[in-house]
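Chain lettering (A, B, C, D and E) follows the sequence in which the chains are written, and residue indices restart at 1 in each chain.
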Amino acid sequence: MRDYTIFIPEYIAAGSAVGIIGIELFWPKFRKDWLAYITAVAALGWFVAGLFFIGKDPNSFQGLIRSDDFTTYFRLLAAGIVIVVALMSATHMRTRTKTVAEYYGLLLVAGCGMVYMAAATELLTAYIALELLSFSLYILVGYLKRDNLSSEASLKYILLGAFSSAMFLYGMSLIYGVTGTTYYEGIAEGLAARGPGTDPAVIVGMMLILAGVGFKVSAAPFHMWAPDAYQGAPLPITAFLSTASKAAGFALILRLFTGALIVDAAEWRWAVAALAAVTMTLGNLVAIQQSNLKRLVAYSSIGQVGYMLITIAAIGYGDAKVGQDASSALLLHIAGYVIATLALFAALTAAYNRTGREDIAGLRGLAETQPFLALVITIALFSFAGLPPFAGFATKLFMFQGATTDELLWVVGLAVLNSFISLYYYLMIVRQMYLFDPIGDVGRWKVSPVLWCLAAVLMVGVLFIGVYPGPVFELTERAAQPLFDAAGLGGVQVQRP
Amino acid sequence: MTFDEGQGYVVLATIAVPLLAALVLVFTPGHQKMLVRYISAVTGAIVAGLSIYIFAAYQLDGSDAQMRLQWVWVENTAFLGKDGITLNLAVDGISALMALLTGVVAFAGALASWKLDFRNKDFYILYWTLLAGVYGTFFSYDLFFFFFFYELAVMPLYLLIGVWGSTRKEYGAAKLTLMLVGGSVLIWIGIFAVFHEANLGTFDMEQLWAAGRDGTLSPTFQKVFFPFMVVGCGVLAALWPFHTWSPDGHMAAPTAVSMVHAGVLMKLGAFGIIRLGIQMMPVGAEFWMPTLMVLGVIGAVYGATAALTQRDFKLISGYSSVSHMGYVLMGLATMNQIGVTGAVLQMYSHGVMTALVFLMIGALYDQAHTRDLKDFGGIAKVMPLWVIFYGIAGLANVGLPGFSGFTAEFHIFVGTFRSYPVFGALAIFAAALAAAYMLRMFAIVFFGPFNVRWSDLKDLTPLERLSGGMLIASIVIMGVWWAPFTDRVGQTVTLLPGVTG
Amino acid sequence: MGAEEAWLLAAIPAGVFLVLALFGRALPRGGDYLGVAAILSSFLLFFVVLVDFLDTPGKLGPVVNDIEWSSIGENFDLRMGIYVDPITIVMFAVVTTVALMVNIFSIGYMKGEPRYYWFFAVLQLFVASMLLLVMADNLLLVYISWELVGVCSFLLIGFYWEKRSATEAAKKAFVTTRIGDVGLLIGILMLWKATGTFNIQEIIHHVEEGGVGQNYLFAAVAFVFLGCMGKSAQVPFHVWLPDAMEGPTPVSALIHAATMVVAGVYLTARLLPLFEVADGALLMVTIVGLTTALLTGFMALAQTDIKKVLAYSTVGQLGFMFVALGAGHPAVAMFHLMTHAFFKALLFLGSGSVIHATHHNQEMDKLGGLWKKMPITGTTFFIGSLALAGLPPLAGFWSKDEIFVVLNDKWGAWAVVILAFAAVMTAFYTTRLFIRTFMGTPRDKDVHDHTEESGLVMTGPLMFLAFLAVVSGFVVFHGVGKALGFPGGITEFIFLPHHGPHKYHFDLAWAAASVAMGATGLLLAGWMYWGNSTKRSTQLAEAQPGLYDLIRNKFYFDELYQAGIDRGMLGFSYVVSWFDRYVVNDTGVDGSAQVTGFSGGVLKYLQTGRLPNYAMAVAVGVVALAVVGLVVRG
Amino acid sequence: MATEVLWWIFAAAIVGASAGVVFSRSVLHSAIFLIGSMAGVGAMYVFLTVEFLALVQFLIYGGAVTVLILLALMLTRSDPTGRPEPVNGPQLPFALLVGISLITILVAVALDTAWGDSGEGPANIAIETVSERMFSDFGVPFVLSSVLLLVALIGAIILARQEEGE
Amino acid sequence: MVPLENYLVLSAVMFSLGVYGVLARRNAVLILMSVELMLNAVSLNFVAFAAYLDPDKVLGAIFAVFIITVAAAEVGLALAIVIRLFRNRATSNVDEAASMKW
């Protein structure tokens, strides 16, 4: 079946990307912040186009791409992230580089990459989509090219990215060798058809794939690039990295692991659980020692990845019902996490635009000079820590609850312990903002209206999900549904003992 | 709308009014400090009124949960089945009393903060948020909302203490917050385990309690996870050896926060032990209660002993809180009706009297800016009313008949004696120590030669008299005529699983 | 109107307490007239109760019954009631009479004191609590009022709180009795545990039925008795009472001589059936009483403060009462309680009159020769002293004499010898006190010159009490009793239902022995102190320096306790505080936080910033996963 | 038989050249070895009867990529004297260890797995089939990869472009 | 006839050598070359599987084409970044590009 309509939203995005690059190419004096707004509008169009796909019947494009609620969910998420990041960048990027059109164009392209990572049901497509996202990010991270840190971050990112995608590919090749196909459905059937016992090729292949996607979502020990890349990247890109890139990684993992590898879940679930445990512990412990905000957020998001990985392990341990519940909860958590992160970065960007400092002490006395930003930052951080009435509380609770199986209770316990540790370093930030007086000029200053509104809207979102998670949860449940109704498996798991 | 439904809305309003107040305050200009105060005072009055109504309207007809209001929040989504999460509010005898406590203390605390001038808007926003959390926890019959409100009550503390506190406030605030949240880590784990084990797809507490009673939560499971719940809640209830946030936290906290925290918040811990421990895992409770008894006794004696030589008012109160909460835990650990009722009464009693103590400490500290006992002497000369108020609080603390402390401790002692006579004797001994440390403080501070350094001290302000008077009234009423209290609490306690006659 | 209204006795003063505490400051004269009126009405009501009681032969027991107070579940309900029997009647008589006198006396004595209204207010509260204590039909109510009188005592001892010593004394009194109360509460709860009720009569009934094991009962009774010892300041709890003399003298008269301190005697008398059932309990009571009587007799010998002498004598006399109880005769104990209350209140008020007149001088070394200056006080004090010394026909003689009789009956000669020694000492120090204060020549001229006889408001009560000190002993006689409405005299009036009334009969031998004891002490003291001379006593002290120091320092009880508190309790507290700070908090709590932070500090160095190291992490991760997957799990 | 001998020769060459890439002391030599290694892989494709892929390999790798690499090497010569700088990092022993373990694992995987090999040997993969499948079935990856190339192009340009003041 | 395992072992060796290169070498360009070795090994794997196992015969080959494409693009982009870094820092030694750590 070739239904090209399913690509319409991305046509809009990619087309706009080209258009934006074209504008600056032919009209170099065009105001840079307007480019941002154009990007936001384009992404809004993309978002709106995505809305039409809600609830439509699943549609597969030649077995490569599936257009279903899962895809739509990530499409909306991607578009939303791009809107926010573009708006965030408007003032931030205006003075820092000569040209910004490519920046916004790549943002849109990266978003498309994310959507196809979620939509891909075939290894090659998934790989290319992943590289599309990665390539865009390599460039975006190094976009401040006169900045030493930015280019260093970019170099580390691309070399490690290439290294780990080689691993990823080797794993794919082994799976291909075993099953003779690269379609997820075919892989599942192929694995199921191989009878009892598991080949070493399958095990090692899965481990290599795990390393590849683990790198993408920055799971320890494949996380090392993240702090450096986060620190070197421009602030809005850091936001993008910690939201879109992670969400995309999980989208791919969900598709791949539920659609293809679920059959031999016994061979990878322990590894995912172990990775989850290591990741969250490492991320949170190291985060305590950070003084740079971006690095701190990087480690904190590594910790978050640890929590999210538990659900993947739960998919491996539980039956289809557990898997679906866990995935819905994971999607909900991703939504909450993304919104909170974006709120945090919107506020941080506003503060950074004013102070130019990205260490924690730079926020000193923010509650005096800009109480609204301090409030948004606090809310975002408390949401990460899982305190009510913010999104993190409800979503984390649902996610862990969804992931609780007899085998995984210890990881869940560890996760809760970790989110407690995380509270410590979040409080360190809150402390700077609220407990100390600002240095130097103590007058109030104004936030640019765009960032203000952005932060306000996101903050409301954080509160809404936290207080009334029902509607979003229902949506994410629908989004997770197709993973388990996928054709071929008919919702029944062919899992080996 | 039937009458009972209407009452459910009263319960809802009790939670909603503080939240609304916080919301209104968010949009109040920060420099309108008087307006902020009036809003808070009115809120406090309304909340207190609603609380008193709830307490009074609780029917003594042998039924348990009353004034129910149930709104479906999330259901039939993912692992949540029918009634997955409901905003299920109701009142039982225990929470009716706790509501009364909260109302009185909250109102008194709001008035006590009248003097506060530094960013008082922010202060009250956090203050009312905290109280909404407290009420929510007391009224929630849904595990999700129970925990939601429980954490909501803990969350504002860091800022309340960190920004408006005094001695070593950063350390105290961080330690307090982290320890309390650390405790809730265990509760989280417990909640996950319970939901998973019960496999009912609902957070509805009554269904989960039924699961605990009928063995859906297996005995082994209950034995394993009971400590999670109890230690988790116990941190907030200053369960020894997880109590050290109490002295430091109270030392750092501003007056109203100390009042609410020691007065109400610590009770959430003990309340949690009832709700999540005794009611949810009766078998586990039976298995673990002797251990809790030992810890409670240690806490009671240890706190009283440590308070004996402290030099800071708030440290004395901090340690005495440890001691008194030790009684609460002992009462709960008896697992008989008298002891558990006594524990609940003690929760109330300790709440009001500690609030009064902290109110008085605040009234002095605001003027003197020191809390070292040795700096004072003969304060009765300049602040006679203060001395009387504090004296009443102190004597209630000591467990003097006529004050609530006696009523509560008496029931606890009786209950403990019934099951564990030796521990009962130890607890009574600790009560004698309470007399020692309280009177030591009285002797040093109130009496003796007057230190002229303090001749400028003013006696209580009218507002402090009002809030103190309310608290004293609460103390005395329960101390003199405790039937209304025991009737309500007893009605629920007799229905608790595993609690013997 | 009858015995059913007994509760009003307590309620009226309680109400007046509230009025005075809240509004007393605003009332003219601090509302002292309200206080007097309240006590007076109680006093009158007492007669109503008495008449009703005497009119109804055999009326004994609960008059207000079973007010449901609270209940929990099905097995625990608290009921309150009032129980009036002859013991209660006697206590009513003592409390209301002495309280009335003290109240009137205080109007004069406390005149011009700061917090005048507060004094009267607390006095009302005390009277109310005390009356409640004696009419309670259950141990819970006993305990409640027991604690309340303790607080009143605390408040009144610390009335002059500007004085550090007064504050310390108040604290000491409260904490010491509180330690006894620990025992009392434990005992009460033990009895409750065994019988399931707090009602005294039910408990007694239950115990007499044999429902409680011997050892258990003994333990329970011993604990209860611990409370009685604390309240009645028996050795080793006696230390608080002399210090309690820091309070205003009327308070000493009322609380620390006549009423509150006898609460222990009252409660023991009330529960005596339990003591009788429990093996050895009576012996315990006797030994405590004897020890106290003896030791405090010694202690009183070397005191120079008027009130302290009286205080030790009070403790000693309480010991006498316990001895009577130990002999199993509540009637005798109550009889002595009553006479003692009157003459000791008289002595205290007399000393108060002296102190008031000499502008707060209570050191005997500065007084002397006051009889001429203060004839009424002197005379009444003389009567009181003789009564205390136990000389006929004063009240003290009759009651003390009877104690010897019953003691001999029960425990034999050894106990009598000890008690006789104490009685001799009592006479001795009483005489010493009187001589040193009222006889001889003034030792401090300045003090003497400014002394005047007190006004009628003070001497009136003295005279009334002196009258009682003379006549109250006669109620022991059948005839007097019959005239008053209780034929058989007081010892037949007061009895415990199961062993019937104790018949009093005058035994000349015992009376002679008793007189001899009193006379010995009196003559010895006269020989030693007559005529303003301290030569002989000094010689004696120098002859036995060790013994003198021992007595002078009250057998070092205070020092011993102080050391115990400082080294033991406070030391333990410091240890606990240290443990809490450094072990639990700094090591346990902060330590775990530091370990967490430190591990983060170590782990962060994994992030070396060098790309090959990062790649190494990825590779090692892959290899590790593969190895585990293939080898460990394979 | 002859094919096999030839295969072994090429295999040895590939391994040798690959080893040369990673062990050689000079970066330039490494680049030369890389050409050899890739050429060898191209030859392998011929053995596997995918001749067109061999062609692609020669053209893209042997041509474009290596030239690019050489160019980059020239551009980033830090030492103008041309003296070879130390090429190996300090973690070389560990790298060896990891390399050896990985070889062990992967070889074990290769040999230990029942591949379902029919034993027929490689079948010819016709270029027509490949192109047909590629454009009919794999249109989406194709389009995506074209966007990818565009992105790389733009990225390379904006990052490598010299700005004023450099 | 050469059995499939031969190709797989060859590929494994190449791949491991590449990994070794990435881990041991300091020059960014050399690391990139090592990555190319790894990617080549993967392509070889794919093609070998395609030729021996896949009834369809083409999937692996198509995969290889795409890998080559992506690899080429990656090299281009990476080299641009290396040059960028070199301009800023005058080094292509990855051990020296370590200003962000801990």
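Here is the rule we go by: a contact is a pair of C-beta atoms (placed from the backbone, for glycine too) under 8 Å apart; a residue touches a chain by one contact, two chains touch by 3 or more.
Nothing here was measured: the structure is a model prediction, and the numbers come from that model.
Student: Chains shared as neighbours by subunit D and subunit E?
Tutor: Chains in contact with subunit D as well as subunit E: A, C.
Student: What chain lies closest to the overall centre, CA atoms only?
Tutor: Of all chains shown, the one whose C-alpha centre lies nearest the global C-alpha mean is B.
Student: Would you say A-B or C-D is joined by more C-beta pairs in contact?
Tutor: Answer by contact count: A-B.
Student: Cα centroid separation between subunit B and subunit D, in whole Å?
Tutor: Taking the mean C-alpha position of each chain, the two centres sit 69 Å apart.
Student: Subunit B to subunit E: how many Å between their CA centres?
Tutor: Taking the mean C-alpha position of each chain, the two centres sit 64 Å apart.
Student: Need the CA-centroid distance for the pair subunit A / subunit E, whole Å please.
Tutor: 26
Student: Counting in whole Å, what is the centre-to-centre distance of subunit B and subunit C, each centre being its mean C-alpha position?
Tutor: 37
Student: Can you list the subunit A residues in contact with two or more other chains?
Tutor: 124, 128, 131, 135, 138-139, 142, 145-146, 151, 154-156, 159, 163, 167, 170, 174, 177, 180, 200, 204, 227-228, 289, 424
Student: On subunit D, where are the residues touching two or more other chains?
Tutor: Residues 89, 91, 94-95, 98, 102, 105-106, 108-110, 115-116, 138, 141, 145, 148, 152, 155, 159 of subunit D touch two or more partner chains.
Student: Indicate the residues of subunit E shared as contacts by at least two other chains.
Tutor: 8, 15, 18-19, 22-26, 28, 31-32, 53, 56, 59, 62, 66, 70, 73-74, 77, 81-82, 84, 94-95, 97-102, in rising order.
Student: Identify every two-chain combination in which the chains touch.
Tutor: Result of the pairwise touch check is A-B, A-C, A-D, A-E, B-C, C-D, C-E, D-E.
Student: Residues of subunit A touching subunit E in their complex?
Tutor: 123-124, 127-128, 131, 135, 138-139, 142, 145-149, 151-156, 158-159, 162-163, 166-167, 169-170, 172-174, 176-177, 180-182, 227-228, 231-232, 289
Student: Enumerate the contact residues on subunit C facing subunit B in the complex.
Tutor: Listed in rising order, the residues are 68-76, 140, 143-145, 147-148, 151, 154, 158, 161-164, 166-168, 170-171, 174-175, 178-179, 181-182, 185-186, 189-190, 192-193, 569-570, 572-574, 576-577, 580, 584-585, 588-590, 593.
Student: Help me check something: in the complex, which residues belonging to subunit A touch subunit D?
Tutor: 14, 21, 61-62, 64-65, 98-99, 102, 105-106, 109, 112, 116, 124-125, 128-129, 131-132, 135-136, 138-139, 142-143, 145-146, 151, 154, 170, 174, 177-178, 180, 199-202, 204
Student: Report the residues of subunit C in contact with subunit D in the complex, numbered from low to high.
Tutor: Going by the criterion above, the answer is residues 610, 612-613, 616, 619-620, 622-623, 626-627, 630.
Student: Using the touch definition up top, name the residues of subunit D that touch subunit A in the complex.
Tutor: Residues 105-106, 108-110, 112-116, 137-141, 144-145, 147-148, 151-152, 154-155, 158-159, 163 of subunit D touch subunit A in their complex.
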